[in-house]
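Consider the two complexes below, in which chain A is the common component and chain B and chain C are the respective partners.
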Partner chain A sequence: MTISKITTRKHFEPWRLAGNILLTGAFIAVSAPFLWVFLGSFKTGTQLNNPTLILFSPNLANWTRVLETGILQAAFRSVIVGLITVSIAIIVGSMGAYSISRYKTGGSTARFGILTAQVLPPAILVFPFLDLAYRIRVNGTLVSVVAAHISLVLPVVTWFLIGFFDAAPKEVEEQALVDGLDRFTAFRKVVLPQVAPGIGASAIFGFVISWNDLFYALILAPGNSATLPVRIAGFNTFRGVELGAMSAAILVSVIPVLIASFFIQRRLVQGISGGAVKF
Partner chain B sequence: MSFRARMMTPLLVVFVAAIGYPLISSFVLSLTNYRITRRDETKFVAFAQYKDVLQDHAYWSALAVTGTFIVFAVALELSIGLMIALALQNQRRFRDFSRSFLLSPMFVTPIAVGLMFRFLLNQQLGAIPAILEKVGITYDFFGPGRAIYSMVIIDVWQWTPFMVLLLLAGLESLSKQPFEAAKVDGASPFYTFRRVTVPMLAPILTVAVLIRSLDASKVFEYVYAITRGGPGTETQTIQYFTYQTGIQFFRLGKASAMSYLLLIMVISLVILLFKRIEKARLAS
Partner chain C sequence: MSAVFLNQVEKLYGSVPAVRGIDLEIPDGKFTVLVGPSGCGKTTTLRMIAGLESVTSGSIFIGDKDVTALDPKDRDISMVFQNYALYPHLSVAENIAFPLLARGAKRAEVQGRIEEVATTLSIFQLLNRKPKELSGGQQQRVAIGRAIARSPRVFLFDEPLSNLDAKLRVEMRTELLRLQRELSTTAVYVTHDQEEAMTLSDVMVVMKDGLIRQMGRPEEIYENPIDTFVAEFVGSPRMNLIRGRVEGGVFKSPSGVSVMVPYSAHHEVVLGVRPEDVVLDLDPANGMPGRLEIVELLGPRAIVNIMCGTHRITAVIEISQLTGLHEGREVGINFRVGRTHFFEAESGLRINF
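Let's turn to the complex of A and B:
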């Protein structure tokens, strides 16, 4: 045992070295664009014309200008849309997923329907949303964006949750029923806590999908209730002139997710290996 | 109503309202000449829009552009992603830090990524062309014949992490026994990878490729942020083309027909692929 351990160790070292070189390369590839944009957000117009300039005295003008454009309000709207979308998707999705997983409700049709909903091209749903929004006069508001995001997030979240309920053991729940809890209480107090990591992972995933979406938000609410991606896309029209302010705007959207991703990464890997990739 | 039906009802209602209704409504739209600017002139035209789309050279060209993009992007993401996932799995120090950092691009809103790379790769203002210039290479990333591959680079930067996430989760859920057996038998790491890791990971690899391909078929933000379809129509992807038809030219009827045709193609491909997988599973 000891001998084999030593030999395999020797064997693995060059691969480990190659792996570390690869990871270092990936690390540089991931951080370079972030760093460059970070530097750009502190540069003046003239300094921006020198793309490889690294040492300069930082300038806060871009940041103050970008904050005046209402970017924080746009970020706030994105958070609201994301939270409402995810709350509805998780509540409705977890109940339905439990029914599908435990009682085989809808059989393979239900599972297939949820899977198919994930491959729908977004362009297929967006025009009816736009048309309906015009008719009931909610066009350009967040109501239509939330509705569209639910169509995007709900199938994914439900699919994840079915996997988690499939993987959860039945015994505890059966014991709870024997102990006299009614089924809904058993679901709420016994089953849900069991799949809590899965619900967390699905909620995060759903939120990220909503937070990142440009396509629906751009079409349904391009004006005063623009979400963060739409507002950032708006800097596009200024071309090179506003490059500094745009760098700052990009960072406003990047920094919170970078911080969040740091905290959720482990849970996400666990959550996904817990059931979501078992098709 | 039974318990299971009561649990299912909310999902069913929301599903029908948010997906079923627009799906049917968009099919109805595709049978008309609906334009949002001329709503009073809306007429039923049966399948005329579909005929129109199928005869439109630009539609086929957009499909070809999207196909090229998917093939190159997903192939690169799969190979790089698998290597990084294996390296991360064997990593000893800084595990949490390197995982969260390397996964971070997938959390950034794609429009921000598009704009970031638009300037990073810009000929006058970008750092990469400036550095290349210093070693004597002049390369226009968004020039004719190149722009689509620059889009691939951007997609690889943003979505390889997603591949890593799926594959890492897959690797960590594999049972340890076959690997220990291979170790005891003195199999080389490369042999173990080819004969143990890949076959065991095969179902997850397939799912990962499928998810990424379907996602890549929706590419829109990078085109919107950088090229707006140009040079010429070299980067006019299907999603961007549909957006233009529906939003800039207000032809919702035609745009709906375009997305329905796409849906039919996508679903046929998915079903074909699933049948293949089933066959392979039965054969082995």
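Let's turn to the complex of A and C:
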């Protein structure tokens, strides 16, 4: 056993090395901009012109400037939008995914076509959204942003959960029906707990999608209802890009996403590989 | 406790019939086993009784209540599935309590019942575990415990033992039988294993192609199979079936088997004889001559394959009678008098004299 293991390792040594080099390269390519933005948020305007400058005395001017522009309020609005979007998407999406998984609702069209909307450029949908929002007088409010975000998040959440429902054995639910529950209670008390890991992961995934959206938020609710990405974009002014302040704002926006990704990465892979989860 | 009645129950999947209009009376307090090869409609029948499958036409009664259109929860039944279907997120105790709590019992009330059930099934020490921490046999016990926690009118079992290993299967079989006798609750049990059906059932229902072929006490079915299908399906090793022709009181097969029969008409028939009713004689002159091919030892008995002309005949004999018999030896074959069965060649139906 041990011997064969060693042999296998030896055999693949060059590949392993190449893989590690590739991964290290990818890591640097991804993390270098983060480092740059992080350093940039503590630089003065002049220092910012020198992106390779690593050793300098940090200054907090950018951070104070960013806080004055109400970045935290914008972040709070983003949180509200994200939470409402995700709550609705999970409630509706879990039922939809269950229906597609158990009852083959919509056939394979629904199962595989559900992400079609994701392929469309948002520019196609934004005008109808704007028009609709204007007609029911919610334009410029977070309500319109939530509605648009649901159109982004709901299909993803549903698609993500289908595989988890597929993996939950049908008999357990039938057992619950025999044991005295009606269909909906069985779904709530017996099926949902089995897909809880999927629900948690898709909630975080959906939240990140909403959190990062600039396009819809910018067009549907600029001004006083601006979400975080809209505020960040706002540092691109007629006087040019305020790189320092923008760097600080970007960090405010990136850190929650980083934390979230850390928690969901394993589940994310499971979801994408078709929910082949062993509970 | 209630009898179950199926009246002209039919189930179609699209246009494919799974169950073709069966009438069945499952007696109160008895252990009834539905048995048949896969695709015979036995599981569909059970699921229709449970309410997990709709009925295309016909009606189902539990006691005097028409349950045809009722939800499973309103039928007052318990069910054990092949894969046990334990609630993975609940502990053993919570699993057992589930049917009680789901029907509105209070948590404090059910504690005593959980302990009682756990003691009956010797799973007391497992009460706080989760299903995934249990072995297959233990999971099975929990599933049975959950089924008996309430006192339902009918127990339904869908091949509950087929995922267990052979030794455990026999053990659990005895235990199930003991439980059912104790509770004397009507039980309907589905299996493809005729041996399981024979040992468990008070009433055995043999199904094929969505129809009931024969129903009765297991020994009745074993002794008087209604057609060649039932004759072959019930009993292990299978009944020897030999095609031939009766002429002038003698059955003759093209393969060389010939037997005197109390039957005179000229007729194409199938002769059936159970392996234990085949008697071997060391002298080939005493009986039909045959050549012993293979001997399989089973312990106290042995299965012996003999070539008689071009026909292979299976016999089961006691070990004590094996003396002098070895593979390749010529023997005389006789069928025990009065233990042969005859079936019509065309329809396969039993011919009664």
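Definition applied: the second predicted complex is superposed on the first by the 247 of 279 C-alpha atoms of A that agree within 3 Å, B and C clash if a C-alpha of one lies under 4 Å from a C-alpha of the other, contacts with A are read in each partner's own complex, and residues count from 1 in each chain.
One rule holds in what follows: contacts are C-beta pairs under 8 Å (C-beta built on N, C-alpha and C of every residue); 3 or more make two chains touch, one makes a residue touch a chain.
Computed from a predicted model, the values in this text were never measured in an experiment.
When the two complexes are overlaid on chain A, chain B and chain C sit side by side with no clash. Applying the stated contact rule after C-alpha superposition, one finds that A:Val37 touches chain B and leaves chain C untouched.
Chain A is touched at more residues by one of its partners, and among chain B and chain C that partner is B. In the superposition on chain A, A:Tyr134 makes contact with chain B only, not with chain C. Judged by the touch definition given at the top, the superposed model places A:Leu161 against neither chain B nor chain C.
In the superposition on chain A, A:Asp179 contacts chain C only, with no contact to chain B. Judged by the touch definition given at the top, the superposed model places A:Pro169 against chain C, while chain B stays out of reach. Using CA centres, the angle subtended at chain A by chain B and chain C is 100 degrees, rounded to a multiple of 10. By the touch criterion defined above, A:Val66 lies against neither chain B nor chain C after alignment on the C-alpha atoms of chain A. When the two complexes are overlaid on their common chain A, residue A:Val190 makes contact with chain C while staying clear of chain B. When the two complexes are overlaid on their common chain A, residue A:Met95 makes contact with chain B while staying clear of chain C.
Between chain B and chain C in the chain A overlay, the least Cα distance found is 11 Å. Common to the chain B and chain C contact sets on chain A are residues 279. If you check the complex, the residues on chain A that touch chain C are 169, 171-172, 174-182, 185, 190, 193-194, 196, 279. Residue ranges of chain A in contact with chain B, taken from their complex: 4, 7-8, 11-12, 15-16, 18-20, 22-23, 26-27, 29-33, 36-37, 40, 48-49, 51-52, 88, 91-93, 95-100, 102-103, 105-106, 113, 116-132, 134, 147-148, 150-151, 154-155, 158, 183-184, 187, 208, 211-212, 214-215, 218-219, 228-229, 232-233, 235-236, 240, 243, 246-247, 249-250, 253-254, 257-258, 260-263, 265-266, 268-270, 272-273, 276-277, 279. Across the complex, chain A is touched by residues 3-5, 7-8, 10-12, 14-15, 17-19, 21-23, 25-26, 29, 34, 36, 83-84, 86-88, 90-91, 96, 98-112, 115-117, 119-120, 122, 124-127, 129-131, 134, 157, 165-166, 168-170, 172-173, 183-184, 186, 188-189, 203-204, 207-208, 214, 217-218, 220-221, 224-225, 238-239, 242-243, 246-247, 252, 255-256, 258-260, 262-263, 266-267, 270 of chain B.
Chain C meets chain A in the complex at residues 50-52, 71-73, 77-79, 81-83, 85-89, 98-99, 102-103, 132, 146, 156.
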